[in-house]
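First the structure, in the form of structure tokens, and then the observations on it.
Chain IDs A, B and C follow the sequence of writing; residue 1 opens each chain.
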């Protein structure tokens, strides 16, 4: 099963089909030329804050309209009311009708979704049981904890039993037991043939859920496919580290010493900047520790240390640290 | 056909959602109620002093000589000239007619001072604004609009459903407020209410449509609506010249002007209210309401929920 | 190092400088809220209008004294427009524009300026006070040692500063100007004016700022503020006009018109003689009734302010 693949020519049968989608937020390009195609199963959407995850999810759920490009869910435009049948969306927003109870909320929403009024109570009960809110269903939404509201949102997303689920940060604010339950629930949906797109910063949970990952950076898809492929691509890109040292004599010594390590691919001294040494490496963490050691042993104070090409570092941060 | 079905479903359930979440507690509601109470108190105090007539009204530029004095003077004349039967008859006829006019003058005085100026120029726009802007504006500001937008019903049905949900409140509140003021003013007030309830209801529907559009489609809707209410309706509406034809209240005033002209009472000299016939004014008001409804449906369908990152 | 236990708990290293007294915190709050107002466009719009009005009066005074210095009954050269009769000009400046350094000059000037203050406070007042209640930032003030007392005092000073910036200070400038271009005997003849200007400034200050505190605290939004102030400054005067000027009820009903009462008190402070506005039929409100109206607003507002800011502040 391939979760993420390059765009094919048949949008009608795939659960999600995006082609060259861009979205501006005023002067800021929120999403840049994103093409994506999902197959049934769970796909994780990763990226640092402001990388365009929520924008993409809002576009898929039909809350935003793409400035260029098009999105189809089983061939239907999600912006139209027909498209809303096909997608269940749990947004990363925390605003509710605060004077309603959880039960009221789901009942009203079920009515609005066009479910027969006779079937609504039993359906809502069933869903509340699934997300584990049955015992607290009469609590007012404004008195709910963050975790309860999060579950209510997920309950809302699965209300219409849609084939595509879009969950924006579903693990945020949920306690460990709840997370385990939610992972189980999502795996159950997966086995029933649904397509699920999850964004999260909780990499532990994502790893339990899926190995299919889409990574976004500054509104672009930087990697799509199994997580191992993403990791390889990231690790294989060399990083340049800039060092600032007080005396110019010590720079050449430091350059020689550093170059002895096998992780260092190259060093060079930029012209016109007497105190700067550039070090090229694929494995910055190990080089950092070497540098510290050299600095202490030879008493060379390093004034500044900076990763020049920030791109992989940032993506790595989002991948490894969450 | 499928569209129609989901449209009806959308209207029905949006109505239900609104009725279910309607709360009367917000502070603007209390301001509106406070204004009504204030004006009602003033009207009561005037009725208590029995001042809804021309009794103390002076002709322009004549100090110390009012309508009541003139009647007394005519009566005094008739006393003085009592020996001539013809003169006496004329005098008593004139004074009788004048006294009758004075007693009947409550209706134009009340209409001019309360209905025309305070109610139409200030209270009615504010009341309608309070309810109409809240309709979708509160959902926009509370960012709960998402829950409606994520449902498989057309956007237009949400708009229409919400509009139908606020409409009864607006009409009940405006007609109710008018009725309270009319009752406070006594017989002449009730007469004015019976005569004028239709234009007031029509004006409140039009206002509801305009303000509902603002609430649904404009950012910072309440501020814009307030600016519109004060600048266009209150200020322009009471200015001389034809600029006031931009205000909704003008057309309501036209209908009222002609309804009272039919009874032989001219409410305001040279206000230009005679230029539009009643049917035309009704058409204008309904046209404005419809225009804003259609524009609202169009623009509301294009709203994107931003600001949620 | 002598450090009290509380200090060492709050700070990762002790503060070695001198501490200001706690009440000085109020000034910091004043300063910051004024900075906030100065960043608003509406402030500069209203301010420039107020400056224009000030310049009108400033040069109006100048013109008056200049015309008065010319040859009696002669013709005065007016720019390139030709000549005007000196008496006509004096008459116009004195009785129509009332720019003759009389109490009426200052009354008209301050009345006009206070319209600007009302517009400013109604549009920017919510960002001065209401935002803290709305967005829950009150807790930052409450957690400081000055607490809400400092907050109230600081914000009160900020709003008062605005009032005096618009009304009292320019009026005093005007007074000073007349002293310079007339003679300093003007000061001797009109000592009451000096105190009257300050008195009127404080009447406006107390009336408007206390109203602002209560309404902002109650409504918390610009919308509620505008509606409420529209009621006070628009609906009440027009209701009073209907009752008194058209239907000839007891003029004491004017006590309902809060702003009329404030203006009446200012008139009393300055010792200006009342003039009738167009359509107005009666101008004899007992000044004590005006004091009662102002006092009523002040006490109700103070009560609400204390209730809202001290009791309910944290909940929201």
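In this text, a contact is a pair of C-beta atoms (placed from the backbone, for glycine too) under 8 Å apart; a residue touches a chain by one contact, two chains touch by 3 or more.
Everything quoted here is computed from the prediction, not taken from an experiment.
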Per the touch rule, with subunit B out of the picture the rest is A | C
In terms of mean CA position, the chain most removed from subunit C is A
Between subunit A and subunit B, the Cα-mean centres are separated in Å by 54
Distance in whole angstrom between the CA centres of subunit B and subunit C is 34
Two or more other chains are touched by the subunit C residues none
Subunit B partner, complex, touching residues on subunit C are 218-224, 226-228, 230-231, 234-236, 238-239, 242-243, 246-249, 253
As the complex stands, subunit A meets subunit B at residues 25, 50, 54, 58, 61-65, 81-85, 89, 91-93, 95-97, 99-100, 104, 108-109, 111-114, 156, 160
The residues of subunit B that touch subunit C in their complex are 27-28, 31, 34-35, 38-39, 42, 45-46, 49, 51-52, 56-57, 109, 113-114, 117-118, 122, 126, 222-223, 226, 230, 234
Within the complex, subunit A is touched by subunit B residues 6, 9-10, 13-14, 16-17, 20-21, 23, 142-144, 146-155, 302, 304-306, 308-309
